[in-house]
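Presented below are the structures under discussion, each in the form of structure tokens.
You will see chain A twice below: alongside chain B first, and alongside chain C after that.
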Partner chain A sequence: MSAPTTTATAPPGAARPVRRRRGPFAKSLNRRYVITAYLFLLPAFAFFGLMFYLPIANMVSSSFRTGAQADVYAGMDNYTRAFEDAAVRNSFTVTVIFGVATTIGAIVIGLTLALLLNQKLRGRVVFRAALLVPYLTSVAIVGLLWRNILDPQLGILNRLLSDLGLPTQTWLNTHPLATVIGVTLWMTVGYTMVLFLAGLQGIPEEYYEAATVDGAGPWQRFWRITLPLLAPTTLFVSVMAVINGLQAFGQAYIITGGGPAGRTDLYIFHVFNVAFTSRDFGYASALSFLLFLVIVIFTVVQLRVGRRGEVQY
Partner chain B sequence: MRSAPNPLARTASYTFLILVCAVTVVPLLYMGALSLQTEAETLAANPVLWPESPQWGNYAELFERAPFGNFIVNSLIVAGGITLAHLVFDPLVGYVFAKFRFPLRNTLFIALLATMMIPLFVRMIPLYVMMSNLGWLDTHQALIVPFLMDAFGIFLMRQFIQPIPDDLIHAARIDGASELRIYARVILPQVKPALAVLGLFTFVHQWNEFLWPLVATSSEEMRTIPVGLALFKQEYFTLWHLTAAGSVILFVPTVLIFLFSQRYFVRGITLSGLK
Partner chain C sequence: MATPRPTRRQLLHWTGAGAVAGLAAPWLSGCAGAPESETSDDATGGGGGGGEFTVYWNAGHAYAAYDEVIAAFEEEHDVTVNMQKYQWPDLRTRLLSDFASGSAPDVVEEPGGWVQEFAISGDALSLQEYIDADGADMGFPDDWQPRTISRNSFEDQVYGIQLHLTCTMLLYNRAMLDAAGVEVPATWDDFLDAAIRLTGDGVHGAALNQDAGYAWPWLLQNGVKYYDTDSGELLVPNDKAIEALQFQADLVHKHGAAPVPTPGTDYSGPQKLLSAGRAAMILTGPWDLGPIQETSPDLDLGIAPALTHETQATVQAGTSVFIPANAKNPDLSWDFIKRITTLDVERAATEEVGMLMPRLSWVEEPVVQQDERLAAFAQGFDYAIDTTEELRLTGKSGEVTELFKVLYQDVVMSNTPAEQAVETFLSEAGRVLEG
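Presenting the complex of A and B:
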């Protein structure tokens, strides 16, 4: 076992020059403290091993199996089947559209709201709270509430539209995916707004003053100062939004049931049905693993590209 | 914070913000109104905004139609239990990684952080099989045990514990305090605000959790509020007033927590940007 984090491997009591090192335990790699550390970590080892690493190993292993108990070895069958499965392909496309649209929406709307709230306005705290309130709701509430509001017969939205003289819609039939995306944004933009607000407050006021003195207009200041200096926040928001968007489930389960005709068949909803309706754990495991790979690749690429775009002034 | 340049821009900002706030808040108020309507009012061809006379009895009726008391107790046990576990374990593990030196520390820390990349859906099927083999499906354990600790919570606590001066720990050790006592009496009191943020976030998140309780419970009595509500809707799909009443019950605790701790809450969201 190597001890990369320490330099003190001398036997206890061996004479050596006194050196100042960091940490209260630096005088020696005292065996007692090492034992204490491991004892304190024991529950964590057990937990993360049994509840994270073991399940992943089990999932990968059952993705190569088939049968009701996922106990018959099937080689790559589940994976080849996934690539030929039209329903999976549809579900994947739907989910990517959903993930990209909710990400772009979260950035554009969240940033706009943050910019507005970053001015000296009365009642900022009240506005912030009001914008954040939907984020506190469970997806169960969001789903049920909007199903009611959007209902073509008894929903309040169509009544509002017709009172205003606007055409009514059967939202979930004509534009199901766009509607579900809108509902999701309703729930999440407050969260993004708070993140952007924190990012904006980290930009020193002097930069704007200097730019104004140099004759930069508001538009120029936004493109040349705000946006580049917000890049780390934007990167974080986009990574989180993509990750969350690709694994959305409740919206499909509660609002649309994946329909009409699979147009809102979000990937995890599809996997859920393969696993718990068709009871095909092997295939469902393979499908989960594929999405997991996609998310990991997406995240790595986003971080690579995003980091390259960062600037320092 | 930037000052609004001119009165016109200021008015435009206010108008826009008020409109967006109306979009976020009014649907939730409408949910409250819906919960007080009669069944006829909810089904009227011309939707009613406010009930003629508020039907507070809807809330009582909800408890008669479904074991809603059970849902509430289950949600409290599950969200409360998980929150308590996080408050016990996350700072302890964070403390060890912040202040102890031991072989493989960095490797173990990276292995821990890596679990943040593992979403619930990846664990869903294998955990279901595991719980089934343990005979735990449809029990509180199945809902609590897979979420006892959280890598992000540990990371957060480590960030907060690291700046605590080592001399404090030293002094306590010289005074002969046990390691567990040092943790409880020296470290924990220094990070109370961080613990508050961790506790609030964990509770609200778990209170609202939908997917895992849906997967891991099968009997009506074991459902948490979000799952109970969604399945209630499937069963009684025309009883909108009762569905809305249930939604209000699910929503009110989180909104109260938020209103009384908005500062902590916003700080918590900002901290999630530390990832």
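Presenting the complex of A and C:
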């Protein structure tokens, strides 16, 4: 079967390429290949169309409507309402704090763990696996686990603290957002650690050897070699962490129910309540679309800033 | 003769054609007509003609007593009952998604409040015609607790039938009270005194729930209405609402007689503390009797009537069943409801799990009268109030309830002065009601 090329490869020494004319057979063959290719792509197009683009279009359409069935045209009312809504402002603030803290935490703790477990330590494979296990566990299970551990009255942590003669905690009441951030980091740092480990193992050893010969100490090697060469990994981790942070839901749903008094009312959890408790799908759609825009802006800015920092040796 | 091997091109074509056929088949079959179960239109309700009958049910209410009813229903109508069991929040999410997509189950159990909400939105079917035809035979409404009719009605039409009826009462550890020489409290002052005296050695005299709904017995006992239809105001009278909320906060933060409730989505915290011997008194309903019995069978549990302050009152709760407006065979759905709400089934469910029921004749049943705990709860029906009934009719109860949750947590968990928190609530909830 000949390739459907239109231009023959020029033989060495030829003055100019010989253009092969396409006959009706070649054209028909080409069309068939194109059709076949589209047939293969059709399931993917259909899947993305039905599962992603159609719902997004539907959401945008609903965001201009109101009522229990989201069937009454409301113009921009839902959007103007969103900017005036104190509960939305609160949940957005909570979510930004959560997103920033989990992103910075994931990078700092993940990188630290990766640097430690990149050393030739005995049992490092076991440590790596153990740190990754929470990430492989459902957020519902992690949430319930920590909810029970942290329960001030019946939780195991307070029993332990009490047995050790230490003051007991009521962190879910006194520091609810910090506690939820901590649980989220406990769950996710294993994954960022694995990503940083892969990045670290891609840095050639010769760079470190050359730097050592030049008199660079461990701290200089980290700042001048490791960190710059991990920039693509750091960028990927930060983009994903920000997106996951802004979209977090399960933590509020399982651990705190958004409380106390809205202090862990993550944005998506708030949208969920608007949609399914207040049954205001139009407003919930507008809030979802606003978050979509925020995520797009954050991601574009991160990618632009992050790519400026990439280096190659 | 050798078997001809397909060329690569043929394989490509066949695969592509297969993909198209696979995608097109469901749509084409959808265009060809509805499945048999959807077209089986038995107006008499006498038979389902095969197919599936879908019921959304609470996961905690899957009693053997209902299984028998379902088996008989399946046999009579030649249908398969698909009992889909959910926790309430998941059931609501599923149901609203169904309504949005235009599909719906045949019968839905709801936790109280949804019937009127869905009647207003046009998603629930009026049962009035069925009741006019069959009400006398099934004893409806005469044999139902009077307050269960209005909470399931909208504009003089009945949209739901009460399935279970419960209320919140004072549950206490009798041994702890006896050991401390404390009388069973009957008033707020008694309760506060008892809670303080019972607190110590890792035990709290009382435990409040993190769920804001459990604040309402106190508010009702102080004469507070959630929504006053005449004035259009919330938490009326406001000063009494402030007093009731502050009383609960003081119990926790001033007197230390109750632990700070932990925010979450689980309402079993106080029950677990009572079961573990870490709290002496809690306010709860019969749904906690089973878990207490299961985890602490030796606990000497007492059930006292609701407390009195301005008045004696408590919260009425319980589930109802309704038919979605676009259920495929409402007659069949109505027959299911009739069967599952008979006195015999109520009695069987009570004998099985101790659930409380809405029929007046159920209260007279020996199984109720001879059971001290059931009888105690049944007495509460006389003064139990459905707190959100008027609010639901505004169509804004979901948003207002969310704001009340913030109010309760702000006062009882974060110890914000009740006066300040109520003022914030009234301002925000007022805006919601104004639309």
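Simple rule for what comes next: the second predicted complex is superposed on the first by the 279 of 313 C-alpha atoms of A that agree within 3 Å, B and C clash if a C-alpha of one lies under 4 Å from a C-alpha of the other, contacts with A are read in each partner's own complex, and residues count from 1 in each chain.
Here is the rule we use: a residue touches a chain if its C-beta (ideal position, glycine included) is under 8 Å from a C-beta of that chain, and two chains touch if they have at least 3 such contacts.
Since we're looking at a predicted model, the values are computed, not measured.
In the superposition on chain A, contact is made by A:I255 with chain C only, not with chain B. Counting the residues of chain A that each partner touches, chain B and chain C differ, and the larger count belongs to B. Of the two partner chains, chain B is the only one that A:L116 touches; chain C does not reach it. Of the two partner chains, neither chain B nor chain C is touched by A:Q220. Looking at the shared chain after the overlay, A:A140 reaches chain B, while chain C stays out of its contact range. Contacts of A:A129 after superposition: chain B is touched, whereas chain C is not reached. Contacts of A:T212 after superposition: neither chain B nor chain C is touched. Within the superposed three-chain model, A:P152 lies in touch with chain C and out of touch with chain B [touch as defined at top]. Looking at the shared chain after the overlay, A:T93 reaches neither chain B nor chain C.
Touch criterion met: A:T36 reaches chain B and chain C at once.
Judged by the document's definition of touching, chain A residues 1, 36, 40, 43, 70, 153-154, 253-254, 275-276, 281 lie at the interface with chain B and also at the interface with chain C. Within the complex formed with chain B, the residues of chain A that make contact are 1-6, 22-26, 29, 33-34, 36-38, 40-41, 43-44, 47-48, 51-56, 58-59, 62, 70, 113, 116-121, 125, 127-134, 136-141, 143-146, 148-149, 153-156, 159, 186, 190-191, 194-195, 198-199, 201, 205, 208, 218, 233, 236, 240, 243, 247, 249-250, 253-254, 268, 271-272, 275-276, 281, 284-285, 288-289, 291-292, 295-296, 299.
Here chain C touches chain A in the complex through residues 8-9, 12-13, 15-17, 19-20, 22-23, 89, 92-93, 96, 99-100, 117, 120-121, 123, 210, 259-260, 262-266, 269, 272-273, 276, 278, 398-399, 401-402, 405-406, 409-410, 413-414, 416, 428, going by the rule given at the top. Interface residues of chain A, counted against chain C in their complex, comprise 1, 32, 35-36, 39-40, 42-43, 46, 68-70, 86-87, 147, 151-154, 170, 172-173, 176, 253-262, 264, 273, 275-281. On chain B, the positions that touch chain A within their shared complex are 1-5, 10, 13-14, 16-17, 20-21, 23-25, 27-28, 30-31, 34, 42-47, 49, 89, 92-93, 95-96, 99-108, 111-112, 115, 117-130, 145-146, 148-149, 151, 154, 166-167, 169-170, 173, 179, 183, 204, 207-211, 214-215, 225-227, 229-230, 233, 240, 243-244, 247, 250-251, 254-255, 258-259, 262, 265-266, 269-270, 272-273, 275.
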